[in-house]
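Down below are the structures I want you to see.
One chain, chain A, links the two complexes that follow: it is found with chain B in the first and with chain C in the second.
Then we have the complex of A and B:
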C-alpha cells in the first residue's frame, strides 16, 4: 500500500499516533544538535535544518527550504529507547531471615519512532538478532521492542561521514519498518509513503493523501539513488574480515593508540554496540538492594577487569578489539554484520578517528605485501 | 553502640568542602549515623573517641611538616584509609605552589612569615602512606561517598568508575560539546560528577582528575587544532588536579 502525502500530513501522523496512546519520539533540535525527543506536534521536527558533519565535528545550518528530514543522523540513536542507558534489573528485599527478589515492574510506554533512517532500521534488526534472537532473550529489550512502532524515512542527503551504501544498509530501507516515507523536494514538496506492516497500512489509511502516481515513485527512487551516488563506496567490506584477522599485530594499532582517547564515545554513539555493566547497590538499613544495568564500553579498563586485572590494558588492544569485533568477528558470532555505516563513531569521536581510514591504512600495507 | 564501626574524619590543607559533603547527605545522614560511630568530626561534633579507628576519611593535602607526621599516625591507627577529594588525592589547587616559590608567596601574604612552618610542596596522601581507596573530585560526589561507606559496611567493593566523563554524558544523552565546538576535558577526566558541566553546554574542566589511561597528548593536540593557545592548555591541565601525574606531565608540555 502506497500513497502520496503533503507535508501537512505529518501532523496527522503525530495526531493519530497520539490519539492511539503512542508516545511519539522523533528528531528535534536541542543543545545545538538534532536529538531524539518526545514530540506533540510535527512542528517540533527540525524543519529547514541540516547537519554539517566531519570527523569529530557537527554543526547545524539552515537549509533555505522547508525540508522535514533534510539531515542525516545525530548524536543519539534509537538504542536509547530499546537498550535503555540505565535499567533496574532486580530489587531484593530482606524478609523473615531470608530475602525476596522482586522483578522490575514493566513500565514500558508504547513508543512510535518517527524518522528512523534506513541505517538505523538495520541497526535495530542487528540488535534484535543479538539481544532477542538467541535462546536467552533480554527481557527488558524484548518488552520495549514489542511496544515500538517504526516510521522509517529514506535518505536523500547523506552527511559527510555516512557510508551506509558501503555497508548495504541504505539509503533506502527495504524492510523492518511499519511505514516508510521518502521526502521529495523536487517539484512540489511531498512524501511517498509505503506501508511495511498491517499496522503501518492502518495508520496510512487514516491520513489525508493522494494516490501515488508513477512519477511519484520514480521521484522517490531518484532521491535515494542520488544519495547512494553521493556517498560512493568508502569502506570495502568484501575482504575486511580476512584483512583484519590476518593483521592482528598491525603497526596501525600503535598509531591509532596515539590518537584514541579510550573515552567510549564511538561505542556509546554506535547504534549496534550493546555492552553494559551491572552494579549492585544496597540501602542504608541493609534491608534492600538493587541491581542496575548501565551502558558501558569495551574501551574502558574496568570493562575487561577480572581477578588478576584487566585483559585490555593498552589503548592498542582496546581499539583493535572494537574494530575487529565490529567489522569481522561480529559476523562469526551473530551471523549479522556489526556496522551499519551511520558514521556516528567518526563524527562523535572527540579527536575525529575515522574507522574507514583505519581499515584503509591496514589494507594499504597488506596490498604492498602481496 | 559499642559494636558499630568507628569512623574518623580528618582535615588537612583544604577548604572543608569534601567533609561537608558528608553533612550534605541530608537524606542519608541519619541512616549513616545509625550504622557507625563518629569518632572524630569537628565539623559536626565535639565528641571524640580515641583510636584505633575502623575507617578514616582523610580530606586535604599535606603542606606542613606536622601534617606529614600526622597522616602516618592516622595510617597506623586506622583499618581503612579513604582519601577524599582533589586535595587528598592530587594535592589540590594549593599544589600550584609546587611550581612556585612558597617563601615569596608567604612574604607577600603574611606580616610575619617567619612564624610559618610550611613545606615547599602540597602533596596527596598517597605520596606519604598507603591509601585503601581514593575518591577523586573537587568536591567529591555525595553518591560516591555514600556508596563507599555502604560498601565498607556491607563488605562489598565500592562502585567507583575509572572511565571518562564521556560515559556519563552518553548515558544522560548529552551531545558531545567538544564535537559541537567547545573544548572539553571530559575524555581524559574520571567520571563521578554525573557530567554536570556538559549538560549546561560547558566543557568539562577536569575537577574529578585524570581517568585511567588518559590520553592527554591527543586531546591537547585536538584543542590546539580548535584554537586553544599553549597558555590555555597549561592552565586547563594545571588546576585542582594539576599535580596528579597525568595532568602534571601534560601541563609541563605546554610551558612552565
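Then we have the complex of A and C:
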C-alpha cells in the first residue's frame, strides 16, 4: 500500500497515533541538537533545520526550506527507548530469613517511533538479534520492542559522517518498519508513504492522501539514489573481517591510543552497542535490595575487571576490542554485522577519531605487505 | 509486526535469582570455602559437569562460580569459592542457614561421554580443581568405562592445595595416577616442588586415545596444553575452561567476549584448538 501525503498529513499521523494510545516519540530540537522526545504535534519536528557534522563536530543550521526531515542523525539513537539506559530489573526483599524477588513490572507504554532512519531500522534489527534472538532473551527489551511502532523515514540529506551506503543499511529502508516515508522536496513538497505491515497500512488508510503516481515513486527513488551517491563508499566491508582479525597486533592501535580518551561517547552514541552491567545495592537498613541494569562500555577499565586485574588494561586493547567487535567478531558471535554506518561514533568522539580512517590505516599497511 | 517477536524470542527464565540456603559449609584453605546449597522450595537444579551458576550475595552482587559437586546424585548444589572480591568474600562469610541467590546452570560441559573408552588426563592449578571435580566424580563412578586416569594437581604452596584428603582417597580407591606439586614448599612439604607442567612428561597415557582437561590460570593452561601437545596429544583433544567477567551469564551483557566467542554462551569449556590463537593475543 502506497500513497502521497502532503506535509500537513504528518499532523494526522501524530493525531491518529495519539488517539490510538500511542506515545509518539520523534526528533525535536533541544539544546542546539536534534534529540528524540515525546511530541503532541508534528509542529514540534525540527522543521527547516539541518545538521552539519564532521569528526568531533555537530552544528544545527537553518535550511531555508520547510523540510521536516532535512537532517541526518543526532547524538541519541532509538536504543534509549528499547534498551533503556537504566532499568531496575529486580527488587529483592528480605523476609523470614530468606528473600523474595519481585521482577520489574512489564513495560506497557506503547511507543511509536516517528522518524526512524534506515540505519536505525537496521540497528534495531541487529539488537533484536542480540537481545532476543539467542537462547535467552532480555525481557525488558522484548516488552518495549513488542510495544513499539516504527515509522521510518528514508534519507535524502546524509551528513558528512554518514556511511550507511558502505554498510548496506541505507539510505533506503527495505524492511523492518510499519510505515516508511520519503520526503520529496523537488518543487512540490510531499511524502511518499509505503506500508510495511498491516498496522502500518491501517494507519495510512486513515490519513488524508493522494494516490501515488509513477512520477512520485520515481522522485522518491531519486531522493535516496542521490543520497547514496553523495555518501559514496568510504568503508570497504568486503574483507574487513579478515583484515582486522589478521592484524590484531597492528601498530595503528598504539597510534589511536594516543588520541582516544576512553570517554565512552562512541559506545553510548552507537545504536547497536548493547553492553550492560548490573549494580546490586541494598538500602541502609539492609532489608531490601535492588538490581539495576545500566549501559556499560568496553572502553572502561572496570568492564573487563576480574580477580587479578582487568583483561584489557591498555587503551590499545580497548579500542581494538570495540573496532573488531563492530566490524568483525560481531558477525562471528551473532551472525549479523555490528555497524550500521550512522557515523555517530565519529561525530561524537571529542577528538574526532574516525572508524573509517582507522580501517584504512590498517588496510594500507596490509596492502603494502602483500 | 513487533507483536510476533515473542514467538521467536529466547527464554526469559534466566534472570531471577532463586533462594538457596547454605546447608553446610567447610573451610578448605585459608581463603577458600565450600558451600553446600539447598533450594528453599522444590528440587535443586542439576548442573552438568563444567557448568556454572551465578551466585548472588544479598545486596552485594553476583558472580559466576563453577559447580564443584556430583552432578548426578547430589541433593545439594556444591560450590567452592575463593574469597578475593566483595561478592566472593560475602559468599564465603555466609553462615549455615544464610540464604543466597542462584541462577543457572549456564555454559557447556566437559566432554565426558566423548572421553569414554579413552585415557583421561586432568591437570588442575590451585582453585582450578573444583570446576573439574564433577567430571572427576563421573569418571570415578564409571571408572571401568574409562582407560587410565591421570590427575596432576599443582598449587602455589601446600596450603593452597584443595581437598587433599579426598584427592588422596581417589588415588587409593579408584586407580588414579595422582601426582602433586607446589611452586614453593614449606618445612612440612615432602612432595615435589616445581610447576605442574613438570608432571606431564613422566605421566602415563596413550596420546592417540586420550582426552586432556585443564583448569587453572590462563598462563598455566597455556604451558600445560603445550606440554600435552609435546606428548603428541592433539589440540582438539585438549579441553580448557575459560574465565572472564560476567554480568548476565546468558549472552546478553557482552562482558565475557574473547574475540569471536562469548564465554558464558559458547564456553566456558573450549578445545585448546578453539582458544589457543585467541589467548596468544595479549589483552584480547
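Details
The working rule: the second predicted complex is superposed on the first by the 368 of 370 C-alpha atoms of A that agree within 3 Å, B and C clash if a C-alpha of one lies under 4 Å from a C-alpha of the other, contacts with A are read in each partner's own complex, and residues count from 1 in each chain.
Here is the rule we use: a contact is a pair of C-beta atoms (placed from the backbone, for glycine too) under 8 Å apart; a residue touches a chain by one contact, two chains touch by 3 or more.
Model, not experiment: these values are computed from the prediction.
Using the contact criterion defined above for the overlaid structures, shared-chain residue A:109 touches neither chain B nor chain C, since it reaches no partner. With both structures placed on the common chain, the touch criterion links A:296 to chain B and to chain C. When the two structures are aligned on the shared chain, A:89 is found in touch with chain C, with no touch to chain B. Residue contacts after overlaying the shared chain place A:261 against chain B, while chain C stays out of touching range. Of the two partner chains placed by the overlay, only chain C lies in contact with A:97; chain B stays clear of it. Look at A:281: by the touch rule set out above, it reaches both chain B and chain C. One of chain B and chain C touches more residues of chain A, and that partner is C. Touch criterion met: A:74 reaches chain B, while chain C stays clear of it. With both structures placed on the common chain, the touch criterion links A:332 to chain C but leaves chain B unconnected.
In the superposition on chain A, A:233 makes contact with neither chain B nor chain C.
Taken together, the two complexes place residues 280-282, 286, 296, 313 of chain A in contact with chain B and also with chain C. Put simply, chain A touches chain C in their complex at residues 89-90, 92, 94, 97-99, 101, 103, 128, 130-139, 142, 145-150, 178, 196-197, 199-200, 245, 248-249, 274-278, 280-282, 286, 289, 296, 298, 303-308, 311-314, 316-317, 320-321, 324-325, 328-329, 332-333.
On the chain A side of its complex with chain B, the touching residues are 31-33, 35, 56-59, 74-76, 80, 85-86, 258-265, 268-269, 279-286, 294-297, 300-302, 313, 315, 347-352. Contacts from chain B toward chain A in the complex involve residues 28, 31-32, 34-35, 146-147, 150, 153-154, 156, 159, 161-164, 166-167, 170-176, 178-181, 184, 186-188, 201, 212-215, 217-219, 221-222. Residues of chain C touching chain A in their complex: 1-3, 5-6, 8-12, 14-17, 19, 21, 40, 56, 58-62, 82, 84-85, 88, 97, 99, 101, 217, 243-245, 247-248, 250-255, 257, 259-262, 265, 281-284.
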